Amino acid sequence: MNKTRLEAFSDGVLAIIITIMVLEIKVPHGVEFVDLKPLFPKFLSYVLSFIYIGIYWNNHHYLIHGMSKVNGKILWANLHLLFWLSLVPVATGWMGEHNFAKASLTLYGIVLLFSSIAYFILQRIIIRSEGGNSILAKAIGGDFKGKISTVLYVVGIASSFYNEWIAGLAYLIVSFIWLIPDKRIEKVLVSKD
Amino acid sequence: MNKTRLEAFSDGVLAIIITIMVLEIKVPHGVEFVDLKPLFPKFLSYVLSFIYIGIYWNNHHYLIHGMSKVNGKILWANLHLLFWLSLVPVATGWMGEHNFAKASLTLYGIVLLFSSIAYFILQRIIIRSEGGNSILAKAIGGDFKGKISTVLYVVGIASSFYNEWIAGLAYLIVSFIWLIPDKRIEKVLVSKD
Amino acid sequence: MNKTRLEAFSDGVLAIIITIMVLEIKVPHGVEFVDLKPLFPKFLSYVLSFIYIGIYWNNHHYLIHGMSKVNGKILWANLHLLFWLSLVPVATGWMGEHNFAKASLTLYGIVLLFSSIAYFILQRIIIRSEGGNSILAKAIGGDFKGKISTVLYVVGIASSFYNEWIAGLAYLIVSFIWLIPDKRIEKVLVSKD
Amino acid sequence: MNKTRLEAFSDGVLAIIITIMVLEIKVPHGVEFVDLKPLFPKFLSYVLSFIYIGIYWNNHHYLIHGMSKVNGKILWANLHLLFWLSLVPVATGWMGEHNFAKASLTLYGIVLLFSSIAYFILQRIIIRSEGGNSILAKAIGGDFKGKISTVLYVVGIASSFYNEWIAGLAYLIVSFIWLIPDKRIEKVLVSKD
């Protein structure tokens, strides 16, 4: 079984998710610059989610690149990940519409948490299929970033009931952690080629 | 004729179908958790349809993978399948909007039934093109799952006039039947590679 | 220059065009079967346009398959075709919304006519690039179907001012002409492989 | 690391951007030709943005084609470009909705300016990765077109506060500059193959 279609389908879904989020930024009715003001929280939430989906696409890219064979379980674990990511636009829209209100930050955190769990499951299933001594298993290693992200999502969700700023900060920190390029994985995989 | 574009186009359409369904889950106007409540039936119907489209993508993946050559008939049989699947978002939206009302379950069943018929036709045309002794023909065999699904769709449609729970259960059972990985087909095709 | 991206981008755009048309079939507000009735003309216009986009995808598939090299002119002629096809959903939606009213049939015919002209231009540019004695040039030959389609579009547009049935019939005939598989082209191209 | 997925994902996003813009051209409520009149500025703005996205796709095609290796920085620079281009539909919709009003031309120019800066950054990062003596570096050379475009965008944005016609003209000139095929780059890259 080749992995081309798995990549193509995932790329398609991720491309659509990242782009339909922009549809939440509705064309303003007025024609003055001041009419753009209510779009600002929507724009901010769009930027954050764009970065998140970008991170997932990036990591997915490396993960699948390092994988040598596909099976039914991997196909479904991948669909499971895409399912949770497909809810990001709804959560983003709610957050932008209500100016980062507490409840919307809770929902956003929950969607991010489940997405990260789905990613973790996909990673586990691929590593099990590839073998514990595979290049991929070594490249991922202890998955420190994954673990710290989970902790931060839980902190974000819990704090969102009391303070929206702490929750937002938690999600922001996760995105920064992943934005910093993972030289190690890149090197291991490049050396393979 | 190569099959790359058939796969690419189908992947594109299926990726869009699976993702635009989420657009039915409109961003709620209120900002409390209670405002998410009306989204629950929409979410449930989205989950069900996501699994269905996932199953079709999965099976389509195997079917086309096992196919060696494309012709005009196959291209159109494939478009015919995509046509019926493209109606799934409308049926899903109706079902979610009206909390799984009887009529919406009938429509949903009809769309699923026609999709499965279209898939059956595509399968037949490909098998005829490949030859009755081809690996694909053997892998598909008596197509027991396909037959039992058709029966369940008809049961679901008929019962939807009287009871929405039986109908819903019938569609749920079909999805479970297909979610259980078809080890047999996978093995036959993998052994080919 | 390879043609993979030309195909991938065209497939993406065509997949989106064919799928967003279904968004015009809005989820009905009521929950009875009778509430589906106003959707019927929308459904019919969707079927017709789905077939049209399917035909274009099919022909585009053969045309690009028979092409050996890409250049800047071909890229733009291809974008020009996609531009006109991207207007099909708007024209389809108008036609479906107003039950195939005269003016909507005129607009639909105009969009189809410009699409066919754009396809003709793309075909010319590719043939010129490939050479008059190329397999593709021979396969396309006198392009009888293309010529008769243009005549029928003009007939449809002209008659739409007086009678919507004649116009609709003209567009329907064109779709039938193209649905009949073009054995000749298929053979010539297959023999090449 | 191969560049196939970078191309596939970018093609997906660009295909969606170019196609969802047409959703701004809402189906008119009336059924007379006169009801199409308010769509005219929307249509015009759609044409302009379609050409712009087409130009970006075209140049992106050449740029990535001339690139030999991918790294994390390139992936993010590419996502950064796609981010700004994803805002084109919103700016286009605002411009079309309000008949090319001054403020909407300012916003449109800003989005175009940031897109061009993002493209410039992507180009720089790729050239640095490929090396200053690479074929790509030579093909791009002094990037005269890029520089003149930036100047014209700034002129357009500045003049949009006083006169919408000058601003519109500036953006139109940029599109013409890029529409004229860049024979030089094409030749250099073709000679490589």
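We call the chains A, B, C and D, going by the order they appear; numbering starts again at 1 in every chain.
As a convention for this text, contacts are C-beta pairs under 8 Å (C-beta built on N, C-alpha and C of every residue); 3 or more make two chains touch, one makes a residue touch a chain.
Quick caveat: nothing in here was measured; it's all calculated off a predicted structure.
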> chain B and chain A are one sequence twice: same or different residues at the contact, by the over-half rule?
Replying inline: different
> How far, in degrees, do you have to turn chain A to put its CA atoms on top of chain D, rounded to the nearest 5?
Replying inline: 90
> Using mean CA coordinates as chain centres, what's the chain A-chain B distance in Å?
Replying inline: 26
> How big is the gap, in whole Å, between where the Cα atoms of chain B centre and where those of chain D centre?
Replying inline: 37
> Could you say which residues in chain D touch two or more other chains, in rising order?
Replying inline: 8, 12, 15-16, 20, 23
> Of all residues in chain B, which touch chain C in the complex?
Replying inline: 1-2, 4-5, 8-9, 12-13, 15-17, 20, 23-24, 71-73, 75-76, 79, 82-83, 86-87, 89-90, 93-94, 97-98, 101, 103-104, 106-107
> If you look only at chain A, which of its residues touch chain D in the complex?
Replying inline: 7-8, 11-12, 14-16, 18-20, 22-23, 25, 27-29, 31-33, 35-36, 47, 50, 54, 57-58, 61, 65, 179, 181-182, 186, 189-190, 193
